[in-house]
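There's a structure below that I have some questions on.
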Amino acid sequence: MVRHLAAGLLTIGLALAFAALVLGYQPDAELNRTALYYAENTAKDLGSQNIVTAIVVTYRGLDTLGEVTVLFLAAAIVGLILAPGRGAEGAGRRGAPPPGELLTTGSRMLTPLILITGIYVFVNGHLTPGGGFQGGAILASAALLVLLADPGHRFAHRTIETIEGVSGVAYVAVGLLGLAFAGGFLDNRFLPTGRFGALLSAGAIPVIYTLIGLKVGAEFASILANLTETEERR
Amino acid sequence: MTFEWIKIPQSLLTLFIVLNYGLLLTALVQKIAARAGRRHGIPIWQNYVDLLKNYGLRTNITHGVMYYLGPVFRLSGGVGLLLFVPTIYGSEMFSNLSFAGDLILALYFIFFGTLGMALGAGESGHPHAAIGVSRGLSQVTAAELPLALAVFSVALQYHTLSVTDIVAAQQGGVAHWTLVTNPLAVVAGMFSFLGSMMRSPFDVVLAPQEIPIGPPTEYHSSYLALMQTNRAIFPVAKMVIYMNLFFGGASSWAEFCLKIFLIYMVSALVGVVFPRFRVEQSIRWFLTWAVPVGVAAILLV
Amino acid sequence: MVSPLFILAIGLGAAFGVGLLDARSRGLAFAITLAGLAAMSAIGAEWLWAFVVDGVQPIMVMTAGAPPPFAINLRMGPAEAALVAIICLTGLLSAIQMREALLRLGRRAMAVLSIAVMALSGIVLTRDVFNLFVFFELVVIATGGLVLLSDDPRATAAGFKYLVVSQVASMLMLIGIVFVYHAGGSLNVDDLIGSPAVAAGGAAGLAFLLLMIALVLETKPFPANGWALDVYEAAHPGFGAIFSAASASAALYAVDKVVGVGGAAFLPMLTAIGLVTFVGANLLALSQTVDRRLLGYSSVAQVGLVLAVIGLRDLLGERYLMVAGGLLVAHAVAKAGLFWLSELVAGRDFAAWAALRRRPILIFAFATFVAMLAGLPPFPGFYAKWELTHALMAQGRPELVAAILVGALFEAGYLFRWFGRALKATPPEGVSDLPVSKVGVVVLTALGGWVLGEVWGAASPYGDVLGATPLLVALAFLALEPLSARIKNTLAIVVLVAAFASGWPHFDPLQLIFAAIVLLGGAVIFVASYAFADGRRTGFYPSAMLMYAGLAMLIVAKDTFGFFAAWEVLTIGSYFLILRGKQSEPHALSYVVFSLGGAFAILAGFALAAETTALFPIAGLKQVAAPFAPWVFVLLAVGFMTKTASIGLHIWLPGAHAEAETDVSPMVSGILLKAGLFGLFMLLMQMGRQSLYGVDLTLVLLWIGAASALLGNLMAVFQEDAKRLLAYSSIGQMGYAVFGLALMNHLGWLMALMFVINHYIYKSSLFLSVGGVYKRTGTREMYRMGGLITLMPLTFFAVLVGIVAMSGVPPLSGFGGRWIFYNAILDTPARLPMVVIFLSGPIAFLYLFRLIHTIFLGQLKDEHRRIREAPIWLIAPQMLYVAFLIGFALFPGLALRKVDAFISRFIPEHALNWDGLTITSAYGYWNPVSIMIVIVVIFVTLLAWLVFLNRRAQMVKQFNIVFAAERPYRPETTHFAWNFFAPYRRALGPLTEPYFERFWQAQTDALHGWAGFARRFYTGDGQVYAFQVVGFVVIVCWAAMGMTP
Amino acid sequence: MSVLLPAMTGLLAVAMLVAAAMTIVTRSLPIAILAAGAVSLFASVLFLLLASPDVAMTEAAIGSGLTTFLFFFVLGRVGGRDNG
Amino acid sequence: MITLSLAVGFALVLAGLYGALTNRNILRMIVSFTVADTGVNIVLVAVGWMRGRTAPILDDAVPIAEAAQRIIDPLPQALVLTAIVIGLGVTALMLAYAYRLYSTAGTLDVSKFTELKW
């Protein structure tokens, strides 16, 4: 009981601080310096329709690189943690009920569709909302569907890791290309920015987003694979 | 204050006079104490007889080097103390070897004999000797404090440490004696004198019944003879210091003998009346009675 | 110059590349990781070299081709280069240390490690606030992963607690960032520092506050860092090094970068948090028993101190980089080294570290790291601590200085307790083979520490401690360790004599006396060391020479920095010396804690005196302004009195001197105590009389001296152990010397100087004699000995002359001291202390007699019948001392005349005049030669008379005594030695109750009790830690909000 | 049109708070996880109202989709009973 | 509209924290943390919103010329994108830890893992 009381007290303390923040907050009427620069220069410099993608991929490319590394780390460490608990082939099947007829046929039909939508999402990252992360997540949901349909399915770890490794190294290479040929590390202008709004426009942004999509998809898949292959602990 | 060769025979003369006077004086006081206890007492010349007997004995045993040197230290302590202090004021002849050091030399030279005696007794290996030494040292150090305070007070009063200057300052009648001008110092000094004379209240060190005669237990024959010679000279030498500091010094041998006798009678009278103290009682007595008087002497000089 | 971006690119490339390799090629993967880390540290080092040596200007690295506020940019300046170099090097060396764990866990763990190091370098380099957040998250996750490297099952729970707490921190950081962005309009730190909106306060101020609190949480502040301590304890020591050295440095630099954004509002809060962390963590570390958890507490404390320094950056001005850098570098190198060292030790308690004794090089490394942490010269921490205290005192912030010094004392306490336990405990069995690579890493780090000491020395405006030749000579002895002890001993003597000869012409008389005692006296005592010079005696000569180097530098020190550096060098040298004794560990610890406490008091005193002048000459103490002068006097006097063991600060001395080795005791007792006296001399000469609140401080000093003399001598009388008796007697003698100094008149100082000489001679001689007896009889208990005069005549003679001199009996030099003393006290107004001093004089006589009686006279025990005389090497110095005593007794003018003239420059009246053989003062006269002649003549004539009488005396057997016709069967029954002065104890016993031991014991018990109670605060429950973190956030929020309106 | 947005946000806000309260209060763990998924779903709709489609898609795909799945998977592995 | 979204965001954060601090089960703590993460994300996005403006996508509906007056601040959205993915990464890691703790200690009660203390 004391814990609830103390936690309540602390929450109220924080609430007062946050309330001060909220009350003191005046929304800007005009875009501030940084946002104004992005609004005017993205189309002109980078040729990308979706300003958020431009910021995520190029202007704050280092953040995204760091964040992809976060996922890579998470996948690696989850693999490290769950490695000792790896169960024998098909261990996952014992407890779960056999997948229904509807699930198996539906998954066989839907998986390619989901894959295509995923690829569409991260290829058109610079044109429409969405991008590498969202596309990667969709690819992962495709893998998820396959797992639900056939719990014992063993993913080929080698392929997942090679995709992950190759796209990671490629991403860094693209960054270095930007450093060598264009303005700085992760600059996308070493490729032509092309016609505004076309598929192959905005320099290397689509290339980078594709790599990110593949990498994120592979990482989520490896996390899911590691999770399914663990022993069931009662 | 320079050294001439004539000083040597003159000091020997003083030494001879004081030796005889000491032997007679100790025997006399012994006799008075006996008479106070309605006993006949020893004959006056008894000390001479003992001395001759002990020097005459031929003995051939020793307990080791330090045991051998013990009496030598003891006697040279007594003789040295006597010679470092001028006995007769005014006469160049009897100022002995006082050119070598002042009052502090005398004060610290007392320890020379005590140290030698203690080392000799220790070497003898007799437990009674060791116990006697431990008691003796404890008592002497406690008795030392009031004397140091008294001496310090006198030095402050006369602004000098040289014994001859102190005596000079006290000349011209009793009114100028330190006894009158600085009574507290004298009282403290006399308290300390009682402690160092090994007489009744403070004589547990040589207690004949408890630990047969303390430190000199193992000494006999010629060693004992040397000690007895010292037993005659040392008290007189100490009393010379007290006389010079507190009672205006002596300008002639007659005055010297009278004053020494009277000072000796102070400890004899006290000795006869009071029972024996244990060592911690005597230490506590000095610290509770003698020291405050000494401190008062320093503060009020 | 390679672009700093490559540091990030290499880190990522290595991680992803390792992912590509197949599972089996782990060796290759490990090689790639090492290569990557090496390349990154090479780049960092290259940049550092460019900045420091070639003076290149800091550069801004752009990414994504857009100007900074709109894209992320990195900055590479000297600070960043240094930190990146440290981080990558620690990562590289830790990778080597964690080789087995990495190979066991495979490629993924290596990838995580290289990403962790990359992320930490990112934190240091990036100038973008959100980018900082991303790199912090990377570090959090990487730490979560690397914690698993440890084979300790509790590591998972520690990792989970860490993740929970970092979730809270990252949430706060995000909220802080977005609102700071809203107010400032940009995410770039340099932009935000410029914008007034954030510094204006209100909502934006609160946002900045949240961001700062989140960053401060990363540096593990005191109340909210239970999670960090668990990670330190459970993680692999290799990772522990990264966590404490690298990630702490990165987090601190992040705080340093971002704190500018909010203007000066948050700085005092930062200092408060830092100081609370420093003192609190050090206090709690007192009650730790597991070594890695103790290292955790210690690194949290050091980080807290650097945090406090960051809070004082505007106060420190341009010295800020050197101070913060010094503390940070010292912490990083020492902690990393200690963590790697803990990997080589099997057990986790302090005693298990005794296994390091098999490799002396590791003990050297351990000592270097402990010295670096405790801020001892010649390491960076020393310069940093010096400048920090001076800057704080100049700004009038003594309470901060007090807090820092108290914390540093706690730290020194538990570090030296650990070091002492490691050196003295019995090493666990079983030979653990220490792999060469791991030992190499540790030794490399230790050497790195020394190089950094040199770098900081060269850069410090106060002078380079490592540059001082005496110190270099002492360190050279380290290199000579493989030689045989005999050669080293000769070398040591030659060095000391050469040092005296070279310094001799330009010493002033005072320095001449102290130099003679330290250098020539030291050489004489080294002669006695030949008796123990079998085999190599590792560790003895470097420590001894270190102590002598400190003393030599102390004597010629011109400015306060040189003086203080010398003081700490001699303290640490003497600590190592004392620690060599068999049961000396607890006493050595109390010695080092008291000495360092004293040293810190001196540091505070010098800082108060110096105020704004950088290099403060010692002569400058004269012109210290009125309001501070008494405080400077008190601080310095207390500092020096810890070394002269005045009463109250004396409890370390008996144990330290008694338990030290036979030839170390005279060094420590005869020479080391003089350093305290030299200090007091310098202090009184410069500052003269001072009074505080109407109380004349020299009078207080007088009373302390008198009390020390009385109680020191009194306690000596009742000791049963010979060396303890001599140790307490040293306290008494030092009390005399302090009393003499405090008299503030010509003869008082002359007496003190005479005591300095006399005390050295007879105390060294007595310690060597007792040492000789101990070597032969194997015991120091006096009642177990007895009757050795026949078997060890020479030792007896030396002791006899020693005690005659010491007790002040006329013929010998002790009497000279007493005579000058008497003349000195005649013309001082204060009279009461005389009473105490007069009592302590004769008491000295008591214990001296007890020493000689119980050992040499009385009954010879059966087991000692066949012992031989002490070794010739011990006898020779004693005979030298006897000769010198007699020589000094005859011609005191030899040494004292010049000094008398020198002192009259300060206090002219009542000088002595030395014409002819008689020395006359204002009151009395003293003719040493004639006294000697008269006494010798009388003595010889009487001896001849007795020899004539007793020509054929022969030695009689032992038990031939008048014992009521009985024959005592056992010597023990008739050797009266035990409780020798029983009546004295009954009379004055209560005075010798160990009040001060009980007082100090009560202090340490209170500290330990409080530490034991307070550490229960960390219950180990992850949720409670989250509570504490949120509570910390709320408290700091309201405290800061309260401050800014 | 202008009144529709605040009304919709208000509705979503209430829904989210109720779902959040559910996660904390419910006895059974699966309900709590579902409630968290619901919170994430409502959040993605709110993002749409706040004119940020990218974030909405991400929140939907990752926030409610993958996170909930991860929780159920671990819950499955850990025995489902609420032994906390 | 803005203050409402901010309020909801902060409310979710507080609810998440309260849940994390009071529930003993590790999984419930992680769930509460995800709710708190979502709350933070809402706050982040809400800060960038401006009244009467549209999403920062320059298609035919929003020509380049009047972009500066028509779109809201794109930067917070970019930050949130990263924040969400990082949130997932940390949650996945904590879940793996929870699984490991359960498999070694057999319980999910956070107060049972207190070997490392004091």
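Odds and ends about this structure:
Chains: A, B, C, D and E, in written order; residue numbering restarts at 1 for each.
As a working rule, a residue touches a chain if its C-beta (ideal position, glycine included) is under 8 Å from a C-beta of that chain, and two chains touch if they have at least 3 such contacts.
Just so you know, these numbers come straight off a predicted model, no measurement behind them.
Fewest steps needed to get from chain B to chain D, stepping only to touching chains, is 3. Within the contact network of the assembly, the step distance from chain D to chain E comes to 1. Here the chain at the heart of the structure, going by C-alpha means, is C.
Counting contacting C-beta pairs between every two chains, the top pair is B-C. Centroids built from CA atoms put chain C at 55 Å from chain A.
Per-chain Cα centroids separate chain C from chain E by 50 Å. Mean C-alpha positions place chain A and chain D at a centre distance of 19 Å.
Computed from the mean C-alpha positions, the centre of chain C lies at a distance of 59 Å from the centre of chain D. Looking at chain C, one finds that residues 130, 134, 137, 141, 144-145, 175, 179, 182, 187, 1023, 1027, 1030 touch two or more other chains. Residue positions 3, 6-7, 10, 14, 18, 21, 25, 28, 32, 34, 38, 50, 52, 59-60, 63, 66-67, 70, 73-74, 77, 81, 129, 131, 133, 223, 230, 233 of chain A are each in touch with at least two other chains. Across the assembly, chain D contributes residues 52-54, 58, 62, 66, 70, 74, 77-78 that each touch 2 or more other chains. Contacting chain pairs (ordered by label): A-C, A-D, A-E, B-C, C-E, D-E.
Per the touch definition, chain E reaches chain A in the complex via residues 2-3, 6-7, 10, 13-14, 17-18, 21-22, 47, 49-51, 55-59, 64, 67-68, 71, 73-75, 77-79, 81-82, 84-86, 88-90, 92-93, 96-97, 99-100, 102-103. Contact residues of chain A toward chain D in the complex are 50, 52-53, 95-96, 121, 129-131, 133-134, 137-138, 140-141, 144, 220, 223-224, 227-228, 230, 232-234. Looking at the complex, you find that chain C touches chain B at residues 787, 789-790, 793, 800, 804, 807-811, 815, 818-819, 822-823, 825-826, 831-832, 834-835, 838-839, 841-843, 845-846, 849, 852-853, 857-859, 918, 923-927, 930-931, 934-935, 938-939, 942-943, 946, 949-950, 952-956, 958-963, 973-977, 980-984, 986-988. Touching chain D in their complex are the following residues of chain E: 1, 4-5, 7-8, 11-12, 15-16, 18-19, 22-28, 30-32, 34-35, 38, 41-42, 45-46, 48-49, 53-55, 57, 72, 76-77, 80-81, 84-85, 88, 91-92, 95, 98-99, 102, 107-109. Listed in rising order, the residues of chain A touching chain E in the complex are 3-4, 6-8, 10-11, 14-15, 18-19, 21-22, 25, 27-29, 31-32, 34-36, 38-40, 42-44, 49-52, 55-56, 59-60, 63-64, 66-67, 70-71, 73-75, 77-78, 81-82, 85, 127-129, 131, 133, 196-197, 216, 223, 230-231, 233.
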